[in-house]
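One chain, chain A, links the two complexes that follow: it is found with chain B in the first and with chain C in the second.
After this line comes the complex of A and B, so read on.
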């Protein structure tokens, strides 16, 4: 009986081709729009998530002193992690199978000089051994391959620690007049500038890769160290592109005369199980270091660009999804209503030869389902073709916080497509059920005579 | 004869009137002399010990100062980890250098030296050169009659934007200062003592012996600068050349 009902449903669908086509095209167009929006959202989410996790050193879990996110910049010494706390974190992470790696980070402000002028900087001190693994992580390179385009020079971890290698943002390097990196000036000694106001002074700034970093030490005096400019990078934001420095954490600790760090970042093998790892870590640290905050990377204080951007995109995609849902519901409801009214005598005839209400309802629902299914497939194919075509164009866009911008690319995701198709199918079935329920409940005599119209 | 006598009497009266009303510039020049800007041709030297206390944390650094005209050289002598750190003041430019650095670093006089003391606080004070002053009234501070002056920075490259300065009428010594932000809020206060003596042209004059700086918002944050052994000294111009810092 089911197989024959299905055959009947498919045949009925083809009886009114125009209506079926019109309804199907509306659903297909809506699903195409949804797919493109979802494909864009998925790609942006992956790009920003991996950029945040790896390039911005946030990790999947961040451990800070309590209130450090608000107070560290004002009272760094008080809100930094002490050696004891760092050791407690190391001990707590031991044995957690989902942890891939951990890294210590220190941030500070200061002045960077070229022998004549100084400019403010904000430095991030990184664990060199961890930094190489973070920056070469497959997830980062898969979704942010553009990142290497906006870096010039050798990474700081390829140099001996005592050399004081520093990577400078493009704007800061320009302000300092550092036009060449260490590699381009190999073997060159620092060039002393006798007269900073001389016409050739700017040229002399670029004659060596030597810079001086000065900062207030955490024990209250002034500290200064040499640095060697080895790499230039872009931060993607004008404000930070004129001030950012990346250097070895040991070098920065020496400058500040401290052994403390700002935070510890933890990367997971399986980010999907972050909640469990987070809970376990919190539970362990509650006993050994209760003054710490253990935060997921999705906390908007750790990932403001990711959180802000994705909130907007989710709202946008959600809106498009709602519009699609309304299109599906109204299209199917309209089509089903018109069909059932026109075929009410046919329904009466089916009832009179023994088809029960449930079977007739199933007949119309199957018609709606086939129409929706065919429309979704058409929409998906059209969506894939459109995404593929736009990907080939390599259109560049500049979301905030992403160095050098990214290509407008779409990444279709099978799960999202199937979930969307399932929802559309359910909506289609539901709309049909509502449309036909009333008519199917009529008595046979009314249906056959057409009196209920 | 009568006319001559009248003229002389008038001159004396005018002279007295003028002497009773010094300009703010004159007051500042006199006050600056006792804070290191003495016009001693070949130079002055002194030691300054900076001690800061902020709650439970305390720090002390000692410096040797050499001053000549608008130039000054401050070298840290203690503790051991700061020994050899040098600040060179060339007019309003300041350079910081420490052993091992390949080049000196240009720093600001406003930057924190230690505690509440800024870099510009340890060298000689030249408010007459750096600030436009105006006498706004008189006050009695610790039993002393003082002029109250409002000082505004002439350039951005000085230690403070605005200063409220009380100078004793009797000795022309700066007794108290309030350091203000651009908007006029007091963020630091300072008091001065003058128990040292300095000689110039065969005459002795008082020289600053202590400056106590207190955070206006946190009375527990106090920095004391103790000035010791001020004396005339011979300083070669070469020691104030930034290019000689590295050698």
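After this line comes the complex of A and C, so read on.
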């Protein structure tokens, strides 16, 4: 029976081709818009998530001293992780099968000079061996391949630990007048500049990869160290592109005269199972180091840019999704209502030869489903072609707060497309059901004679 | 004929319709008995209650009061699904405007009642449909669409559809109203022939007096009441 009803439903769609086409095109256009919005949202989410996880060193799980996220900038020494706590974390992480790697991080502010001028910096001290793995992680390179475009020079992990290699953000390097990096200067000695107001002063800064770092140590004195400018990079954000510095954690600890670190980041092999690993880790650390915060990377305090941007994007996609839902509901409802009114005598005939209400509903719902399905396929194909074409064009956009602009790219996701198609199908069936229900409950004699209209 | 068992029995059936503020009586207490195998015409002027009577017997409309037995089943107490089932197994309908599905060919239109009848195996559909089409003389048109047929041919398709499920009773509401006189007579002849050959009970409404001499029983109806019944 179902096969025959399905065959009839399919043929009925061709009865009024113009109406079916108009309804189908409305749904297809809506689904294309949804796919493009979802493709954009999915790519932005993946880019920001991987940028946050790897480039910003947040990892998938962050371990901090309790309340450090609020208090570390005020009392860094008190709210940093001690050696004992670092050891406890190392022990707790051991044996967790989902952990890919861990890294210690130290952040501090200070002043950086070129011999004449000083500028504030925000430094991140990194484990060099971990940094190499983090910055070359396949996930980061897959979604943030633009990062390599904005890197110039040799990464700090390729230099000896005791060399004091530093990577400067583009803006800070420019402020300091550091136009050339270590490898371009063949390891020349620091240049002594007698007169900072001399016309050739900027030229002299540029001919020297040496920078001077100064910061208040955590035991209350002043620390100063030399650094060697080996690489410049873009943070991607205007607000950090003039201040960011990356160096080895040992070098920064030396500058601050401490063996403490700000946090330990943990990367997972399978981030989907983060909550299980997080619970296990919390449980283990509760016994050995109870004064720690173990946080998922999605905590707004760890990933404010990701959270803020994604909230906005989700609202945008949600709005487009709602518009699509209204388009689908109204199109199908309108089409089904007109169709069933036109075919009410036929419905009466079906009822009189023994078809019950459920079967009649199924017939019309199948018609709606076929129409929705065909429209969704058309919309999906159109959406894929559009996204592919835009990706090929490499259109550059400059969102506020982003340094250097970004390519407008889309990443279609099969799961999102299938979920969207399923929802559209359900909406199509639901609106057909509502449109049809009133008519199939009508008196059969009235339907047959057309008297109910 | 009197020795045949009763297939339809109506007792004091009343039905009225609401037209705005006005209540219009359609049947005013109709009682009627039909024997199996009868070929009966319900005759009356427009608005006399012919169609309402057929609708009641065919379980496509509900009476306000009274009792209706079809093949020993009291239909007024059945739920909608049971009535659908009863119509499918025991009653065939022929409509004035044929009511064929335009996107289905002749074969598929005739097959419609069989599709939902679980007692008819799918493997027998072809044989049954083709037999029904042969009985009405249009088996050569099985693959044609309804809009490729004449009015008389379309009504034959409707008759074949009504007969395909081997019903006990065929109801026809003004089956010749949309046909010319030649085709009208042919259709009535065909129904008569099928009534005799298949022993199916026919109850049809008409206001065409020229067809009256062909029927075995005439029921006259006026103002919702049976005013006469002659064999």
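Throughout what follows, the second predicted complex is superposed on the first by the 444 of 453 C-alpha atoms of A that agree within 3 Å, B and C clash if a C-alpha of one lies under 4 Å from a C-alpha of the other, contacts with A are read in each partner's own complex, and residues count from 1 in each chain.
Here is the rule we go by: contacts are C-beta pairs under 8 Å (C-beta built on N, C-alpha and C of every residue); 3 or more make two chains touch, one makes a residue touch a chain.
Treat the numbers as computed from the prediction; the structure is a model and nothing was measured.
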| In the superposed arrangement, does A:90 touch chain B (first), chain C (second), both or neither? | neither
| said: After the superposition on A, what does A:12 contact: first (chain B), second (chain C), both or neither? | reply: second
| said: Just checking: does A:346 make contact with chain B only, chain C only, both, or neither of them? Give me first, second, both or neither. | reply: second
| Thinking of the overlay built on chain A, is A:444 touched by chain B (first), by chain C (second), by both, or by neither? | second
| task | Pick one for A:224: touches chain B only (first), chain C only (second), both, or neither. | result | first
| said: With both complexes overlaid on chain A, does A:283 touch chain B (first), chain C (second), both or neither? | reply: neither
| request: State whether A:355 touches chain B only (first), chain C only (second), both chains, or neither. | output: second
| query | Touching A:214 in the superposition: chain B (first), chain C (second), both, neither? | reply | first
| field | Complex interface listing, chain A residues touching chain C | value | 1, 4-5, 8, 11-12, 14-15, 345-346, 348-357, 359, 443-445, 448-449
| task | Flag every residue of chain A that touches chain B in the complex, lowest number first. | result | 111, 113-118, 190, 192, 194, 210, 212, 214, 216, 219-222, 224-226, 257
| Sites on chain C touched by chain A in the complex | 51-52, 55, 58, 60-61, 80-81, 84-85, 87-89, 92-93, 95, 97, 99, 101-104, 108, 111-113, 115-117, 161
| Residue ranges of chain B in contact with chain A within the complex | 52, 54, 57, 59, 61, 81-82, 85, 96-98, 100-107, 111-115, 243, 246
